[in-house]
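In the part that follows, the structures are each spelled out as structure tokens.
In what follows, chain A forms one complex with chain B and a second complex with chain C.
And now, the complex of A and B:
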């Protein structure tokens, strides 16, 4: 882990460190008491479970809720380990920590600071839990793609699966999908009504009408009070984040001392094989044996791959030069390029400037006066429609390929009549 | 969440009227056996689903009426208006001057495309009046000419234009000894087309309902009106608001939220007392069952018998059994129960119809009436194939 360069003068003020740690603790959701951080520096066991939970909260993509609270500590610990490993956390000591929260608080503290150094964690957490005042929707697909759900335990299929059961499940899935779509349509219709009816009610001329949250506030004053309290909480978190950013250098100075108290890590060899976070409990000696065995295996595989590659190249060189071979290769390359080009053109055709990321507030306007940074619904719809058309074309093509394959299989067994189910 | 009803043909329109009537009169019934707040929630939920409000307070049914001749539609409109309690929308109907002579092909290939735009416009207007549409409820007969041919066409259109909405078709299974010679052809064509575009087929057999009228209700001269009223009672007790297990604090928002995978036949009459289980255990395997209980003592009702795994298929790991309950009594019955079942119950009748249709087809009887309007022999063969697949899938449950 690299050591940060910090301004030594910043740490000179007395009491600066407790302030910094307190700010950090306030800026994180369910942040542990500042005491925990101090205990963790000295690797005290009582600080461990709080830090596991904090790391889980930071690394878990799901929004906070009762569901999260009920996950056992061992499961949280395991998920934290795998998430850190997949993000490239360099210290091996973390993977070897026991998951029952009995020790390792200093290691966890190091992991937390590694995450804090990599990206704006408090700001990201704040963005996750922000309270939207307007009716919002996202345009880009980033959020959907970025949410990595923790991998479900691998389901072993017990024997052959009855295809009727699969059909049944498909039917249920399709049914739920259509229910979702019609619920969304209902929501859109109702939003439209609210926006229409509350025209002229908003103090901000640019917006012109109320959103659902704002209308609710007017209707239900008690709910409005609750919203106010939530906003105040959010505001306090934001202030804490700002305080944290100001006091940050002190924290990093202190973390350097924490790193100093750790035993030096074994130098990470470039050729060391990657470890899975789940390491069975065994003595150090056995672990070294396993490491050595894996290294030998890796060497052997590398040699085998080399041999195979040389052999293939020799073979390919022979037949890779004939005129039909190069013609075939040219033809297939051209087809691929054409397909790729068509797909790219399709996507870029109507999009114009790429829409901004993140959620946008829905505003209904009578006239066509939209600001420069505003996105027009009509344009977005056009873009989405053209993307949909592209994807449908790809789907049809793939379906056609499947059909051809089925026909080929059907033709392979003469005397057997295949009756395909009524298409839908 | 609202449902838009499409009433097709003589059958669809007459039944549709009875259904709306039953729903509204139950909603206004004074013997709900529950507290005032509960009753009001019930009424509000029922109203939002099936009716829209007008200025003078008379609820207007969310329905589109379609028929090729004006007689039945006019009767239906006037009966509704006469009741004074509700009515149909003024411009909610579409009719022509001529019939289609029980010719499915004429209905599907000629009437359908010719009047597609007008009919879909009417439906669209109805949809726009709703805050949110949970789905469409299409009432039609299976074996007639107008209702069935146009019904199949309209359902297909709804599938294309409103692919995200649920569609449930209420179809009337004809009498085994029906009067229309080509009813079996019409039936298989209707079923195979609906199977592709509808989400759920709720089936009422004329024979079964007839038996209810005769045996349970002791009606001597059974008219279509009696049959339709029984039907409406059954449908009403399915569609009125209920609580399901997940959301026990407010009425289910989506009444069409039934997890059908393949089409569900309706079995079991509504009983006047608690449902008693006297089924032979291996008689009928179900994919899914839904029991709806209304009235007194619903919380303590014992539905364990429905959860017996022997009643269900082996490839469903968890029983697909749901119970919906409400304390609010339905239509003055102190207690009532309805069973909606997706099971092998209709395999035999379906097989019979397919068999009869096939026999006729083998001798090419009456085929020219269909080929004249664009339904070729290939279409018949496709229909037979689909239905044989359905029968086979159900037999292999």
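And now, the complex of A and C:
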């Protein structure tokens, strides 16, 4: 279907747009055919369901699988609306679209473009399904023990529970931690052995030895064939993403024309349609915890500062008022301001000089030599040790706080002897 | 008994932590299975046994009976053997000298079946290896050669079908060889091939060429992608910003509503602020100033920290108010991973993985153990805060008379002060009465 493209601006080569759209559709997982995009510009109904499904794939945090494919279109549409809404998507028309896929392809195209403009969507989707060829370890702690899949709702414990049940759960958790430690130690030992035994095998001198994935591929050629095919598919997608990036500007010009064909929306009425959230629990409790912590801190500080200010004023009255005195005071003020400013920047800045997110490939080298961009285990260990010390201090401090509080509450009751467990 | 909503929250938190650990344990166990299997002796593919069982996969030929080759087979074997011997003679003459020095390379499965030989099996000279092997173990060598002789030397990973065909082809010469060199037959007979273990022969492995090519192409594409990311073309970036603005102005939702994601991000930032501030306060309060200058600085720092705490609280209250009056848009899809406060923040993700170099098993284990410890501490601290928020009010509100209060106290003390590890004992002091 050859449609005459309207070029609003000069500089767009004829044929660049179809290329761009084709690259885009190749770079997205199960991307729709390029025609869908063109039909969506004219709000054709047949393009709608493909776009719902694409948006669902893009917005879903779960890796693609059979479970996702079997979700009905209506459910997918509803979840897409909810997700877009939670990301702050401004267009109201989307929220009002029917969920049966009968109309609205132009709005869906706009939504897709909005997502594409906000972040590197094709790259992120590729990174999600990347084939890890090496043995990888993540450096940052973001998802160390976070549950990636929403937990299955637990039917029990809907009513009040005994506190001993809580104690039991805690004991179970401690056991699981110990189990994790021992399993991980074993896994590291085995991994290290495999790296050691296969040294000198890898074609890439930089790496030097095989990873578990590569060794497994040699042991099981069928699996190896599969790996090879996946790798090649990924390379094709990568090429498509690179082509898309090069051809992008044309696409945005075209999207501006698509937006132009829509009528501007009226400002919203007071009430917005509410959606069922994908996951019922919202992170509201977190705010409460932080507020409480800060309030406790504020109290503590208020007392301490008052006390010290009074003591200081008394002392300062005794000393002289010479110019060096005020100069010294000014110097101190400046130093303190600088320090506190640096402290504030620690949390204000979103991205500090932190080590790169994402996984790193483990490489065993007897001499431990590493290039510029490589990380050394020894350095990481140092960083982690200081983090550990920091966290232990925080935990001890919290526990101390609780001890004081409980002692105060329990001390109110005479006639009881509290025998604390033997110290560490 | 704890009140219902409190129970629900506590159980939900603990169950969430338990689930996260279970998931990680599952991942570890899967990885362990694979690693253990790799370190054991690798099983030969299919059913490479010396006693020829009827091959179920093939339907091309009748399963060969145990050691009674048909006359037609024998004739074919004769031809094959002669051809191979001729090839051996030719090859041996050409490359006898340099053969010993070639590094052994594992190109196909066949090495699994004849690991004892150090003969190289370059695809171009199938007979060569056969020739070599025929000095020592003719049957194995022949089997080895039939695979490349199949005419697919580049095929690094033969399919099952190929293997079984090769298997049939290989089994056929065996009785023939046995007929030829009777004295060899007993040694060639059911002698399980030496198992391949990574420990002994791991350094002989080589990655197949097709894979190497694909992997290098893949990694160079990722590198290209990273470099393109950092140098995003100006017009593309400008076009995107323009588009976003246009969509905003053309849309009805004029006031940007706080999305749950943004609330979460702000809360995270403030949480980090809180822990940093608290640590700093601790430091200052515990420091013993030596002279008036230090004392002054300490005082100023504390006052500054007080101001910052006040600012953070104010922002939090504003956030809470905004959230309360217009409920935040529903949570984003799935549960966003709770970024731990120890994490440095959102650095730009590099698309191609960098290397992490370690030098010994000990070091790797220490690294992994520390990572896990930090994650567990994160979890513990979070749980501690939740437990404090839930249990301390209960203890202070409950009536001290009932026996359940003692249970509660004991449990609270154990959970809050000992991390659930130890429990204290409470004795009734009878002397008071």
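The definition used in the following text is that the second predicted complex is superposed on the first by the 249 of 424 C-alpha atoms of A that agree within 3 Å, B and C clash if a C-alpha of one lies under 4 Å from a C-alpha of the other, contacts with A are read in each partner's own complex, and residues count from 1 in each chain.
The definition used in the following text is that a residue touches a chain if its C-beta (ideal position, glycine included) is under 8 Å from a C-beta of that chain, and two chains touch if they have at least 3 such contacts.
This structure is a prediction, so every number in the text was calculated from the model and none was measured.
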Looking at the overlay, what does A:18 touch: chain B (first), chain C (second), both, or neither? neither
First (chain B), second (chain C), both or neither touched by A:300: second
Have a look at where A:29 lands relative to chain B and chain C in the superposition and call it first, second, both or neither. neither
In this superposition, the partner of chain A with more touched residues, chain B or chain C, is C
Give one of first, second, both or neither to describe whether A:208 is in contact with chain B, with chain C, with both, or with none. neither
After superposition on the shared chain, which partner residues are touched by A:162: those of chain B (first), chain C (second), both, or neither? both
Quick check on my understanding: which residues of chain A belong to both its chain B contact set and its chain C contact set? 162, 164-165, 167, 171-172, 179, 181, 183, 185-186, 189-190, 419, 421-422
Show me the residue ranges of chain A that touch chain B in the complex, using the header's touch definition. 162, 164-165, 167-168, 171-172, 175, 178-179, 181-183, 185-186, 189-190, 419, 421-424
In the complex, go through chain B and note every residue touching chain A. 1, 131-134, 164-166, 192, 195-196, 199, 254, 257, 259-261, 287, 313, 315-317, 385-386, 389, 393
